[in-house]
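One structure is given below, encoded as structure tokens.
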Amino acid sequence: MRYEPMAWKDFLTQRKSVLATWPTGKDVDLEGGLRYQRDIPEAKNFARAMSGAKAKGRTLIQPRAGVALIDDHIRLLRFLETEGTADLLPTTIDAYTRQNRYEEAAVGIEKSTAAGHSLLNGFPAVNHGLGGCRRVTEAVTKPIQVRHGTPDARLLAEISLAGGFTSFEGGGISYNIPYAKKVELGDSLRAWRYIDRLVGWYEENGVSINREPFGPLTGTLLPPFIGHTVAILEGLLALEQGAKSITLGYGQGGNVLQDLAALSSLRELAGEYFEKAGFTDFDLTIVFHQWMGGFPEDEAKAFAVISLGSFVAAAAGVEKIIVKSPHEAAGIPTKEANAAGLKTTRQILSMLTDQIICGDNDIIRREKNLIREEVACLMNAVENASGGDPIQGIVRAFAGGLLDVPFAPSIFNRGRVLPARDNEGFIRLFAKGNLPLSDEIMAFHKERLAERAKAEGRAVTFQMVTDDIYAISKSKLIGRPK
Amino acid sequence: MRYEPMAWKDFLTQRKSVLATWPTGKDVDLEGGLRYQRDIPEAKNFARAMSGAKAKGRTLIQPRAGVALIDDHIRLLRFLETEGTADLLPTTIDAYTRQNRYEEAAVGIEKSTAAGHSLLNGFPAVNHGLGGCRRVTEAVTKPIQVRHGTPDARLLAEISLAGGFTSFEGGGISYNIPYAKKVELGDSLRAWRYIDRLVGWYEENGVSINREPFGPLTGTLLPPFIGHTVAILEGLLALEQGAKSITLGYGQGGNVLQDLAALSSLRELAGEYFEKAGFTDFDLTIVFHQWMGGFPEDEAKAFAVISLGSFVAAAAGVEKIIVKSPHEAAGIPTKEANAAGLKTTRQILSMLTDQIICGDNDIIRREKNLIREEVACLMNAVENASGGDPIQGIVRAFAGGLLDVPFAPSIFNRGRVLPARDNEGFIRLFAKGNLPLSDEIMAFHKERLAERAKAEGRAVTFQMVTDDIYAISKSKLIGRPK
Amino acid sequence: MNPQNIVLGVIGADCHSVGNKILDAYFSEAGFHVTNLGVMVSQEEFIDAAVETDAAAILVSSLYGHGEIDCEGLRAKCIERGLDRILLYVGGNLVVGKTPYEEVEKKFLDMGFNRVFRPQVDLAEVVKMLKADIAAASRP
Amino acid sequence: MNPQNIVLGVIGADCHSVGNKILDAYFSEAGFHVTNLGVMVSQEEFIDAAVETDAAAILVSSLYGHGEIDCEGLRAKCIERGLDRILLYVGGNLVVGKTPYEEVEKKFLDMGFNRVFRPQVDLAEVVKMLKADIAAASRP
């Protein structure tokens, strides 16, 4: 595949129409954004924080958080950095903004003002505009990132980067397939090409902006190789446009050894694929997401899930962990619940910081080899489908089911892949759909699932998948029959 | 050392005076107790539950709990078995009863009745007598154990075993050295000889009573080998008197690999020493105590400490885990807080139940060898001091500092041993006092501590020990200088 | 009104598709003809589908917190379109933030929903209620 | 009254010895002559030691929950024995169960203690207060 940055002229042309999609767009100018970014103290630059963590072998902790109104949002973030001792801050964007429905976001702001509490599930950064973003980024002392789920986040990126955010989550696949229904994959990929070009432009001008593709996708029984392939592809697309600080993510699967293998292989494979594609000037870091599937309702149990994720992060030595709260199963957490998740995480990480826990072992090696081969199957298929153009390769791969994300809402995702846990809780494939996996690989998956089926005295069916989806929220890892 | 059961005649003579020490003693008769125990359903027998857990590879969860008044205590226990899903129940005895101060316990009962809540830190089983105990043991569906800290628990044992409890915690060392100040070690060992004989008598008559020496001792930076030696000695003394179901304990140290090594070596070494002493008919199981030192005040952090302990228990595959609550640093937990600790623990255990986590590795092997050698040094010293009589051996070993428990209150403990963590958080010895450890062993401890001292740029002093004592409550494992 | 037919979907700009797929499978298994509109369904789409299939009930999911805003007015629109006997069920994480279920239930009952469910609801119970409610609504 | 001399101990049937050892080391380091009675100290033992050493303060610890019962009457006994200016400090987990600190403090102030401390107290602060309190008490 050939990697080529978008022509600057094309970028500027597109830019005009992007900024015109909502009134706050007109306040943004590139040079002004750059000047503003240049004045941000180093300690608040996200890319630097990530590379610092890598150099020092530290794991930084970051919550998710966002509310409708600026002052409330600032209060929330400040609480998370003081009481919660967050190392990195988020600004989670509301779901209307994610779908570019700024009118509805405006209604949400109004209703929230009237109600005295947030009726939006995030911070409507586009509606609040450049000034609103700057108020937020100036009010905190830690590096701060935009976290969302927006297929077309071009305006959001323009406003928030000029507004002082130093990291931007997402990607053309990972912010479409799990987050949208009818957005053409080519469209979102091209929108993210624009965003990555914008980030690349900041980099060219000496301002480092961290880019973080969203690894967990649907967060539900995702076999590591599917997320890894998407993460590596989005990493390549970001590098293509000049981004340099790349953080790839993986969501906790629940089997500790599979998670350790996944985290270690994500780092290795991404590095290899990036270099093979000719990129050398990149700073790769890894983020681990605490359990992204359904949580137990009981808070004591939720704390256990949070702790287990933190344990894995410590054992794997990732640069960042995204933290859940004990309210996860119920609703957007209060600031106290959010801080509680951070404190639990911090405590586990600090207790484990000087410890070596599980080094390499045979099972981890087996799983890493498996992931390596699986990723190779998928990456080759994309390459073969691409005709040289990575975006084409991805679009065609999804169309043909060569890439397929389980449980995703997008109609551009085949949705034929069904995962289930094996008898030890490793996530395997029950139905591979059209994924281009070799027969040997599928034989291994099937064999492992057959072992479980035998142990449970039932066949591998959709019921097993459903049971597995519910399992952690019902205090189990594997959804066994009663 | 020679092991000989106490003569039955001597037991019966002593028994008269024991039962006379408090009015409720007169209700107890041996045959009546036996008949009562025989009617207890198998599912409520503690010894059976422990061996069942071993056979099935399950980890049972047990809280600590006890309040002054019978009805409140029953309500508490029922809540812990339903909401908390405890597998095993406790009855924690109050601190007056532990010192045989039944008059003060009576005052505590009165004041508690008046205040409408418990002013005692446990259940005064002796004051409540046989009838009170039976009301409690009949009110629950799970096996139930007496947990206390009583140097002379003869009357408590008589009443509670006849009262339907099927497990009895403690031992002549472990319920004296950390729990008393001026009780002669020989006295407590002889009192526990009596108790073990009583348990042995039940065994001879077909009723299995589980015995659990208290492994964690002072719960504070205890190097594994000290607790292990005490546990093995108390196991031997219990076997000597005819006990058969023996559960040896170990309290979480905080370094995961040291804890795994300790748990695995406790099982191995105890088995070996028991057999070497000629005992073959025993059922050995292992209990792990979640962190027994100072807890963080913040509940979210406490949940992390609880989770980490649960993780280790799961990885080690112990038969039982004793659970802490998020209120640990503050006070006796409410029933809700107690149940929360159980639920967190259950969630971690269930999520890990089908997983293999850390198998053996070089570090675990290194630590296991070390513990094996250290225990051998101490056991040999006791043997040599014993003149054939284990009780003499133990008394003389403590007098000479050949056995020595850090931070213990007893004046019969030398208190010269000072532990500290090394640079990876393993608990090592900074001062060995008079412990009969070989030069090689001490060289290893010193070297490891020197490494930490160097990393921290300070000498190994008492300040380091203090820092380590506070560390977990201040969200760290190792008490590094700021 | 066809007592077998029900319409299912996740309202608003909500992308949570996992529960939706499970509900689809569960109600189909239980004997209903499910018209599953998937995620990101507008009030109009729900009503169109209900009219088209002569459905007995609309099962609305909302997970992402905007349920309050998204569901407002659905009952009125149903009546407008002549669906005056249709059952409206709603479930999920209906409001922003952890909120006592009773409050949430009241809010959505007031909006005109017949039943309101928490995410942990036992689906077997829901099937029973739905059958009973449909039977009751079918009586003249 | 010797402003250097203080008496330290854990009251009642309480065996918690770790904090006691640390307090001993800390106050000794801070320049006090500490008479440490260790654990399981009765009111009489505290007072005897205070009389004997002409102590300026008694520092009582109670961790195990029976503090309320064990500390009752200590002030009166001090006065009886002529220790009418002695400072009484108390700290630890003073009552059974997690209780708001303000309630605990009030209870023990009412019992006649001069200062009441939570387990998480910063000992450097305590040393400062103790020195100031002793200085104030020494003034005629």
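In order of appearance the chains are A, B, C and D, and numbering begins at 1 in each one.
Methods note: a contact is a pair of C-beta atoms (placed from the backbone, for glycine too) under 8 Å apart; a residue touches a chain by one contact, two chains touch by 3 or more.
Since this is a predicted model, take the numbers as computed values, not measurements.
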Does excluding chain A break the complex into separate pieces, and if so which chains end up together? B, D | C
At minimum, the number of touching-chain hops separating chain A from chain D is 2
So, in whole Å, the Cα centroid of chain A is separated from that of chain C by 30
If you average the CA atoms of chain C and of chain D, how far apart do the two points sit, in angstrom? 65
What's the distance between the Cα centroids of chain B and chain C, rounded to whole Å? 55
Among chain B residues, those touching two or more other chains are none
Which residues of chain C are in contact with two or more other chains? none
Determine the shape of the graph in which chains are vertices and touching pairs are edges (line, ring, star, complete, other). line
Output every touching chain pair, sorted by label. A-B, A-C, B-D
Can you list the residues on chain C that touch chain A in the complex? 12-18, 20-22, 25, 38-40, 64-66, 68-69, 93, 95-99, 119-120
Chain B to chain D touching residues, read off their complex: 95-96, 98-99, 101, 104, 107-108, 111, 117-121, 149, 178-182, 218, 220, 293-294, 297, 327, 329-334, 337, 407-409, 462, 466, 469, 473
What residues on chain A touch chain B, complex-wise? 254-257, 296, 298-301, 303-305, 307-308, 310-311, 326, 339-348, 350-359, 361, 363, 423-425, 472, 475-478
